[in-house]
Structure formats: C-alpha cells, structure tokens
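Chain IDs A, B, C and D follow the sequence of writing; residue 1 opens each chain.
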Amino acid sequence: MITVGIDVGSLSTKVVVLNQDRIMAHEVRSTGVDAKKASQEAMDTVLNKAGISFQDVESIVCTGAGKKKVPFEAQQATEVMCDARGGCHLYPKANGLIDIGGENCRAIKCDAKGNVIDFALNDKCASGTGIFLDAMAKALRVNPEEMGELSLQSTQDIEVTSMCSVFAESEVVSMIHRRTPKNDILRGIHKSIASRIYGLANRILLEGELIVLGGIAKNIGLIATLKELMASDLIVPDEPEIVGALGAALLAREREE
Amino acid sequence: MGTIDIMRDIVENPQRIIEDWKSDGKKVVGHRCLYVPEEIIHAAGMLPYPTFGTPEPITKADSYFQPCVCEFIRNLFDLGLDRKFDFLDSLILCNTCDGVRHLKSMWSTYIDSVPCYIINNPQKMYDESGFKFYRHELEMFKGMMEDLSGNKITDESLRKSIELFDETRRLLKELYMLRKRDVPPISGSEALIVSMASMLMPKEKANPLLRQLIDEVKTREIENADGPRILITGSIIDNPALIQLVEDMGGVVVVDDLCSSMKYFWYETKPNPDPMDAIVKFNLERAVCACMHPSQQRFDYLKELAREFKVDGIIYFLIKYCHTFTYESPTYQEKLEEETPTLTLEVDHSLSGLGQLRTRVQAFIEML
Amino acid sequence: MTIEATTPGKETFTPGRFGLKASEEIFMATFAYYAGLKAAKEEGRPVIWAYGVTPREIFHAVDAPVFYLEHVPFLLGFQQIGSHYMQIAEEHGFSKDVCTSHRCFIGCGLGSEQEREPILEGMFVEPDLIIAGNYPCMSESKAFLCIADRYDCPYYFIDTPINTWGKDPPDYAIEYFEGQLKGALDFMGEHGFNLDWDKLKETVRLSKQILLLFKEIDELRKAIPAPMSSMDGLVTALLLIQVLPPSTVITLYEKVLKEVKERVEKKEGALEEEKLRLMFFGVPPTFNMGVLDSVEKYGAVFAKSLLECAQGGMFDPSGIESFMDPEKPLESIAYRTLVDLINPTSEAMVNYMVGAVKDFNIDGVVAVVKRSCGLIPPYLRQIKDAVYKETGVPTTIFDLDGLDTRDYDDVTTRINLESFIETLLASKRR
Amino acid sequence: MITAGVDVGSLTGKTVILKDNEILGWSLISTGPDSSETAKEAMDIALKEAGVSFDDMDFIVSTGYGRIVVPFSDKNITEITCHAKGAHWFFPSVHLILDMGGQDCKAIRCDEKGKVTNFAMNDKCAAGAGRSMEIMADLLDTPLNEMGGLSLDIKEKLAPLSSTCVVFARTEVLGYLHEGAHRNDVLAGACEALADRVSTLLKRVGIEGDFVISGGIAKNEGVVKRVEEKVGLKANICFEPQIVGALGAACFARELLEKKGKKKKR
C-alpha cells in the first residue's frame, strides 16, 4: 500500500512516499511565499522520483503550518502527532523528541509504544529560530551550513541572552562592533538557542534518549551545545528534516487500515 | 581603602561568613525581604541571612515558573534548585507581592532541602487592627524561631537584638549622610557594597567595621565629582554593577533608595517597653515598600531625599515583571517630575540588556 | 445574539456560541445594568469604582451603583475593543507588564472624551468614590492611584490577608478582615450610603441562596454529556463577580438551572456526540470565544472552566451551608473571601483542581498563561504535576492573553489546542 | 573652524563635516562587521567630498550604537542628544523628534535651543524595530525603499500585525503569506503595527510643536503617513534624514570647541 506524507513548514516543504515500511522517495524544497504552489511542485517531483503516478497513492496526510493550502485532497494531522509517529518508527526505544523547525520548536514526550504523553510548543519569545540563524549568518558573513563547525572551534565562552532572538541579535551586532572573534560569537549564538530549547524540554521533564528532528538538527554545533546542557543523549537521524512527513505517511497508512 | 575591600570580598563570596557562623553549630535563617523581623531571628541565636540573587541567567527555574514571573524570584528558585541555599535552616518570606506568595508554595513543593515559611503581614500602615493582626502573626513566627533554634526568646534578649540592629542602622545612616557633601567621599557602588556587606555579616562584626570605615571615609581625599547628582530608587538591586554603570556615564550617585541599602536602615525602632510591639510598629510605620498603603508617605520621603541631597536627576529602576512597583511608577514619575527630571528604566535582574541601558542612562545624564 | 467584530480587519474573530437562552439574557442584563449606572449618575447619586474582587454584598447592602474593575475589561474584551484602552494606558507610561485587565481599566479612566469609543460611552461613568483592594491579585492594589489622582476622589483600601492557614483561618484573621469591610462600609456611609444592618443581613441571606443555586448548576455540569458550552459557563460565572441586584441574579440563575435540568434529563448536551471533556484554566480569549468552540468538530467540549466560580463561588461549594449565616453577615462574608480558592496560596486551588478533574470526569486540562498576570502563571506547573500524578489526566500550558487582541496569535493557539486534542483522542482510542 | 560628527549605527555609518555652520560634505555607508573600519571609511568619503584633509579637523564627536569604538573621536555623545541638535539645525522651531535606528526607536522632546527636555525609548520587547523592517523586506522580497509606497495601495484590509514583539510579527507575516494574503496588505499590516508602537511612544513624551522624523524610517512613507495620521501632526523631513545624528554631533563639536577655545591636538 503506497501512502504520502507532506509537511508544509513555514520555511521548507517536505514530502515522503512510503510503501509499507520502505521510504520510496522524499523531497525537500523551500516553501517560499506560495504554500499552494510549493506543495504541488513538491508532490509532482517526489512522484516521478518514486516512478509512480498520483492515482497509485492510496491516501495522503498533510501537516505543518500550510496544511490548509495543499491543493489535492488530503487528511490533516498536527505536527506533534506526525513527529511522534515518525520519530518512534525510526527509534522505538526513544523517550522523547525535539523538533527544531525553521520557525518554531517543539518538545514531545512519548511512552514505550510511541504515543504522545506530553508536548510543549515554544512561546512567542523563542520563535523564529530559522530566521534568527539566517540573519546571524548574514551579519557575520558566514555560510549557514558552516556555522556549526565554526562554533566548535571557539576558544572562550561568551554570554548571549537566550530570552528572545531580537535581543540576541542586537547583542551579537554590538559584539561584532567590538571585534569579538567570529567563532566565539557563533558559539554564544548556539548556546543561546540551545538553552531556549533546553528550557522547552524541561517544561515537560524530557530525559533519557531523545531524537532531534528538523532542518536545524543538521547543525552539529547546536547539537554539541545542546548535549552539554542536557543530561540525556541525543540521536540525530540522517534525514532529520523529513521525519515529520514520514510520520504523516505512516498515519495515512494507519488511518487507511 | 582597606575596609571597603574587605566588604567587597564579603559581598562577592559570603560563604566564609556562613562557615564561621555554622562552625560552632549555630543556625542560619534566610529571608528575602525587609519586612521579615531579623531581630527575632537573632534573639533566638541564629543568623538572619538576606538571600541576595546572582546575576547568572536563569536555567532550571524556567521549567517551573513561566518566564513572565519576576526574574528575582526565578533566580532565587534557580539557586534553591541547584542546592546553593542548602546551608539555610529555613527560608522566611513575607506577603509583599503575588510572586513571593507563589514562591512559598512552589518552594515547599519542589525544594525539600530547606523548609519555607511565609509571614502574613498586613499591607496597611498606621492601622490599629493591622497592628493587632501583625502581632499575632509575629507571635507565631517567634514561636517557630524558638522551636527551630531550641532557645527561648526573652524580652531581654529581644531588646538587646533590637539595640544591636539599630546600632548598625545608625552607623549606615551616618555613613550615607556624608554623601550630602558637594564631593561625596564614597561612590554609589561602594556605598551599596558597604550596605549589602553589613546586611550579610553578623552585626557584632559589622558595627566595629562600620565605625572604622566612617573614620577612614571622613578624611578621604576625592578629586572633584562634577557630574550631575543622581538619586536611584527601585525595588531590589543587589548588583553594584548597575550603580557602577550610572557612575561610568558621569553621574554622581548620592542616594540609593533600594531594598538592599537605604530602605533597610533609614528608619529606627522607636523606644517601646514591649519589644514585640516595637517591632510591629517599626515595620508598620515606615513606608519603604510599594506594596504598603497609603503611598503618600513614601512619595514625600522621596521628594524630601531629593531636596536634602540636592539631587539633579532621579532614576527609577524597575525589575521586569515586578508588578508592585510597575503599577506605581507612572504616577510617581509624574509627581517627581514636577521638581526633578525623572527617568524610569526597565532592568533585567541578570543585567542582560546592558548595551541598551547604557545609551538610556548616558542620554539622561547628558540631558541634566 | 452575535457580537459583530468592531475592530477593523479582525473579521476572523467569531463570538462564542450561546448554548442556553438564559446565557443571552444574562449578557443583556449585564449591559442593561451599566446603562442604569449612567441614570444613577444623572440623578446625582455618587458612583463607586470598585477594584479587586471585593465582596459584592457590601455594595448591595447600601444600593451603591458600582463600576466594577474585574468585570468591565471582560465586556470590552467581548467587544474586541479592550486593546484600544490598553494603548491609552501605555501612552500614560504604564508598561506592558501591567495586567491587561487593569491596564484596560486604567485606559478607560485616563482616556479623554474623544478617545472613548461609542460602546464604552454607553456604560462609562466618572468615579465619585473608589473602593480599592489587593484581592485576589496584589498587583492591582495600586492600580487605582492614577484614577484617584485624575478625578481626585476619596478612596478606601480594603486589605485582604492571604490564606496561609488552609480551610480554617484563625479568628484574628477573620476579625481583621471583618474590620476592613466595616471600614469600607463606614467610608461609604460618610459619602451618603448609610448602612441598614437588616438590609445587610437580607443581602447575605440572598447571597447564600445565589451560591446554593450556583452549586446546583455546578453539580449538573458533572452530567455526561456536558449541558453547557464554554460561553455559557463564562457568562454564568460573571454574574458572581459583578453587582447585579441579588433578586435579579436569583431569577436569572433559576432560569439557567431550569434549562440545564431539562437538558440533563433529556441527555441533551452542548454537543450531539461528546467524545472529550476539557477543563479551561485561566482567562479565556474573550474576543474570540469561537476558537474554544472550534474544538467541537473533534467532539470536544469545555465542560468546566475555573473562571466560572469567580468570587464567592470559587471555593469548595460543598461548604456553603455551614458558614453563610445571615445573623453574622460580616463574619460570613469575611470567612468566605478568605477561604476562596483564588485567594492566592495555591495549595487549596491545586487540591480543588485534582478533585474537579475527577468529579467532572475531565479528559484534559487546557491552562493558558496571560503574560502580564501575576496571580495565575506562577503555579500552573504545580497544578499540572498534581493533576497528572493523581488522575493521569494531562495538562497543556500555552501563551494566550484573553483580553488583548494585539498579542493574540490565532494560528499558534489553534495548533496548541488541536495538537492537545489529537493526543487525547489517540490515548483515548488505546 | 572645521568640525565633524560620526554616527556609527547598527546598520549604517554616517559622517557630516561642518565649516562654521555650513555642511561641507557628508557620507552614508552600510556598516561592515568592524565599526571602527566603517567610521574610517565614512570619514574618508566625507573628507573627499568636502575637499579637506583629516588634519584640518578641529574637533570630532562620535555618536550612535558604536560611538565608543570610533578611534579618532574626541568625545562621544548619545544619538538621542545628537538627533535633537541635528533636527534643530534643520528646523529651528522643532519640539518633537522621532528617530528610528536599526535597534530601537526614540521619541525626543527638545526646547527652542535643541536641548533635550524629555525622551522615551521603546521597551525591551519592541527592540530591533528598524532591523525588523529589513527582515520583513527580505521575507517579502521587496526592496527596502519600495516598502513604504507599496504599503499604501491596499488590496484587502488585514488585521494589524502584533505591535508588541518583532519576532512574533515575523512569524505572523509568514502565516499571512501562507494564507495567500497579498504582499501589499502584509506590508501595510507591518507598517501599521510599527506606526502604532511609535505613536504610543510619541504620546508618552507629549505631542505638541513642530514634529521632525529622522533616521532610516523617514524614507518609508508608509510608516510616515500612518504616524502623521495617528499623532495629528505634519512631519518635517530633511533632504537626508539618516545624517541628522551625525550633523548634531558636528554641531556639538563646534560648541565644545568654542567653549574650550583652543584647537584639539591629536
């Protein structure tokens, strides 16, 4: 049975085509301004990647900020359910998940069978992680992908406020003016985001084995800083971005049975 | 300046005081506010210890308290969770704001290493029925202190403690009065350090040190301080760096009306045959906290200070999410501004937004 | 009755759905009451601005026309114009940390003639007297200062001690608070509201009847399916905070009781097919109550909300008979206010919540954080842990300011609600 | 007597060179990662334009976000005081000034000699107001200088964006875009929210007398028109609103020089 999960995030759209338990194909593209167009294009690309047509798909579940905009007929589900379903499918023993999306982050606690016990979404002050990192990359004239490694080479610890990304930005700007070394600023930025995520995870007492999802989970600097703060060990799947869409596809299959 | 450095060392690492005091088996009782009667704790042979916060950012407490609770309380809770207050035999709070009331129940639920108790003080001054109510509450508190310490609190021991604490208050006031001079002999941040150290130290040790400091300061040579004279008021500022910031910007801080300085020692206990009644009247006849009614007396006290110390500008520091003072500040700003330019500034307890603060303070000082 | 959105561009906001006819009547009676205030002012009778959730009996006993702080911001919230007055308060220097309800009230007071929108114009009267208080939230104890300054009218401050003693506060505490109420009555007496002791006794007798009626309605809400929608619950509770004359409140409550009884007998719920029973903790989104009704498509209903037993009803209803004794009026009111759940020492509230989750067989608790509130956010975590430990029922906590449209984020609120409901439905299916 | 004012903001670096009371030359460049470099660069361009050399400078005052880091300045003064003096230079009858820098917005009242009598700055949560306009421009891929005009021709009135927090406003913009809202309407919402926050600030210091808007925001007519509507005052805007701070600094340099009476040795 072939099902599709599509996660229309605020910054990027992810699609996964699933055949029983095997991922046939997946696609990630930026959502841009028009979520409707982005989801249609993503669907078309993933279908011909998997070498199947739209009719072969038994059912589709869509999730994410733009789930209402999906042009084709699909059931809806919330990001929390999809993340949990996808994450626990990949690592059944995990106690919880942290999803660091472009716009906001989520902490989810699940039981042994992968059902959600508790979850917490970031409050207003902690939103905009994706935009914040991009803005910082531009301000420091650094390629966003390298921010992680550079931050690991920092020598001294500097405090960047973790209250809100706008203050963090103004502090970073003043640090740049004071010619603080770039790697140290990057480490400060990563610590600021990590402590916000740590605060979120603490709100639902997340411990034990945790999976880190979302596009920003690829940033090894952030994961290293988060590991320092959190006692639990963190697993980053190789394609952390598409786990939500995978969960949606799994839900599509369940709802079909 | 020897004495001030000794005091600065005490403020920066107060553990030594705790170790000395606990070495001969005596107990330490922490408290968070001026309305907790330290004399009763001292009369029971225990050390009253003001739990000043630390400027580190909040970590664990944010998962217990919402971020919209005043940062000073979250900082205390954070230190409690990190077991940094485990040397306390008890923590005493009092009924001054909503945050503190919930700190009591959250502390009792989540921190079992230090028992917590709240004194239910009325919030109305010069009110006979209030004195009666507060007397009952203080009698219960006295009983608790006797059980905790195992010593009986007699009128005699209470009277001696009141005299001892008033001596400290008199000395601190005498020191602060010296700042009326055109060239104040002691800077704002130094004065705050002296006041905080005197609150931390056992009063038996604090008083001689203060006498020695006053003699040194009287003859101290200071080159002219020609900046505008500034009065600082607010709730609890326990970080001299904030006063230092104002002084770096060219302001001469001559008055700091804060819970960690003048609010603690500006008034004295009136002589009274019954020491408990003296403490009741002492607390319910001095308008130092914004939670007390009527607020007219505190407002006149501020205006009087501004005139007495010939002040050019007033800075009103508000700790973010501190409701008690935030409700009052617009009305105060309007009234104070009739005579002296006043600036109300929102401050984080962990002083994270220093950059923005510096611009505002410098602009205010350039304005005077 | 629909409340059209008066804030331009906010068409997306839908008013709450009235399940009961009686709720609509209560709503209209509330607005009629405030129109009556203007009439009293024209007749030259002094109008009192009441701060805090001051026991309403002391106003009924002297027939005082009262403009009520804890009530007006709600009515303006329903009309989606609360933020306009908050902005006026901010222009007078009040920071955003000041509670939105108090900021809204301060804005009403400090706003100039032209700044007052037509809706408030219909109910606004200038204060001649102020009764201030620090109950239930200490932060509002100074919220009246700027208004007393502006209209330079005399005020009396009622100091309510917090309840650090649990179920039975000591005599000296009741005596102290009784003295405060007596002081307020004398203060009103000096300004033309002479107290008739028998009338006070009669008011306390009627007040006991109101609480018994409310308790009966409260019991009926335990029925499955839940007879009242979230809007019904909120409007019914507002009667307790405000100052409608007791006789009117009794007739209105009798109507609500009759309607709810019929519904329970006919097993007719606010929803045809009820799958989930939720409880709401905190200030609901008054300007967009529709968002709470939006969960109905999942078969979820807000069977109970904490605000519903505001002031006087907000205590363990089982205790009413024992202490409301009309012969000792002031002592009864003093005791009731001290043991009230909202009197901020949270142990009583945490225990009540655990009990309520069991009694109303609640499947999930939705707790909202009003950023500028000093009273409720600090102990939400305590409630969440206690409820989960004792009943296994989860609680979700998220940011929502129920009165300020400028802060409201519809998308995140819906995601929070829907995610919580989906997790509840998933766990219910297992 | 030739004096200079250097204003190093978080987004732009500006320099103005005055000869007695006439502008000899000025410069406006975007701030690089190193603000002392930016200050030098801005100074060199202004010097070339004014046709004078660095040694001719009698007194230099630095202002703005990075005022402390300018190596060759003799004194640093806050941008609040300088914007008041600069606005007074352009419009002598000014009493109320709005300055929107990259990081925060300031409402300033001054007397007839351009001396600050009262000021109010945005509270912490509304920081980065100017900066957020730049990020809004990226999100909506519209050039910064076109934002104002586009925000005025509204297709369908949207609810104003949240005026409390800039981070939150950005997430709201993304939400509206996904709902398919027209770009102009979202721009209108953003400018409306900014104008809302700014007018509250202006009312806090009191709305009377002539009104001047300086700083980058003065070029966004969408915000300017809405602020004028809300405060009921016509805004005077000089030919280059972003150099008002630097000009004020140069005026102070002149005043300080007259007071001191001798050339400043460097």
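General observations
In the analysis below, a residue touches a chain if its C-beta (ideal position, glycine included) is under 8 Å from a C-beta of that chain, and two chains touch if they have at least 3 such contacts.
Bear in mind that the values here come from a model prediction, so they are computed numbers and not experimental data.
Counting steps between touching chains, the shortest path from subunit A to subunit D takes 1. For the interfaces A-C and A-B, the C-beta contact count is higher for A-C.
Of all chains, the one whose mean C-alpha position sits at the greatest distance from that of subunit C is D.
Distance between subunit B and subunit D, defined via averaged C-alpha coordinates, is recorded as 40 Å.
Inter-chain centre distance (subunit A to subunit B, centres taken as mean C-alpha positions): 46 Å. Taking each chain's centre as the average of its CA atoms, subunit C and subunit D sit 46 Å apart. Within subunit A, the positions touching two or more other chains are listed as 65, 104, 123-125, 167, 170, 174, 203. For subunit D, the set of residues that touch two or more other chains comprises 65, 103, 123-125, 127, 168, 171, 175. Shared interface positions of subunit C, i.e. residues touching 2 or more other chains, are given as 92-93, 95, 369, 397, 409, 411-412. Taken pairwise by the contact criterion, the protein chains are fully connected, each one touching every other. Residues 123, 125, 157-160, 162-164, 168, 171-172, 175, 196, 200, 203-204 of subunit D are the ones touching subunit C in the complex. Contact residues of subunit D toward subunit B in the complex are 65, 77-81, 103-104, 115-119, 121, 123-124, 127. Listing the residues of subunit C that touch subunit D in their complex gives 7-10, 12, 87, 90-93, 95-96, 406-409, 411-412. Subunit A contributes residues 8, 10-11, 31, 33-36, 65-66, 69, 103-104, 124-125, 127-128, 131-132, 135, 139-141, 164-167, 169-170, 173-174, 176-179 to its touches with subunit D in the complex. Looking at the complex, you find that subunit A touches subunit C at residues 65, 77-81, 104, 115-121, 123-124, 203.
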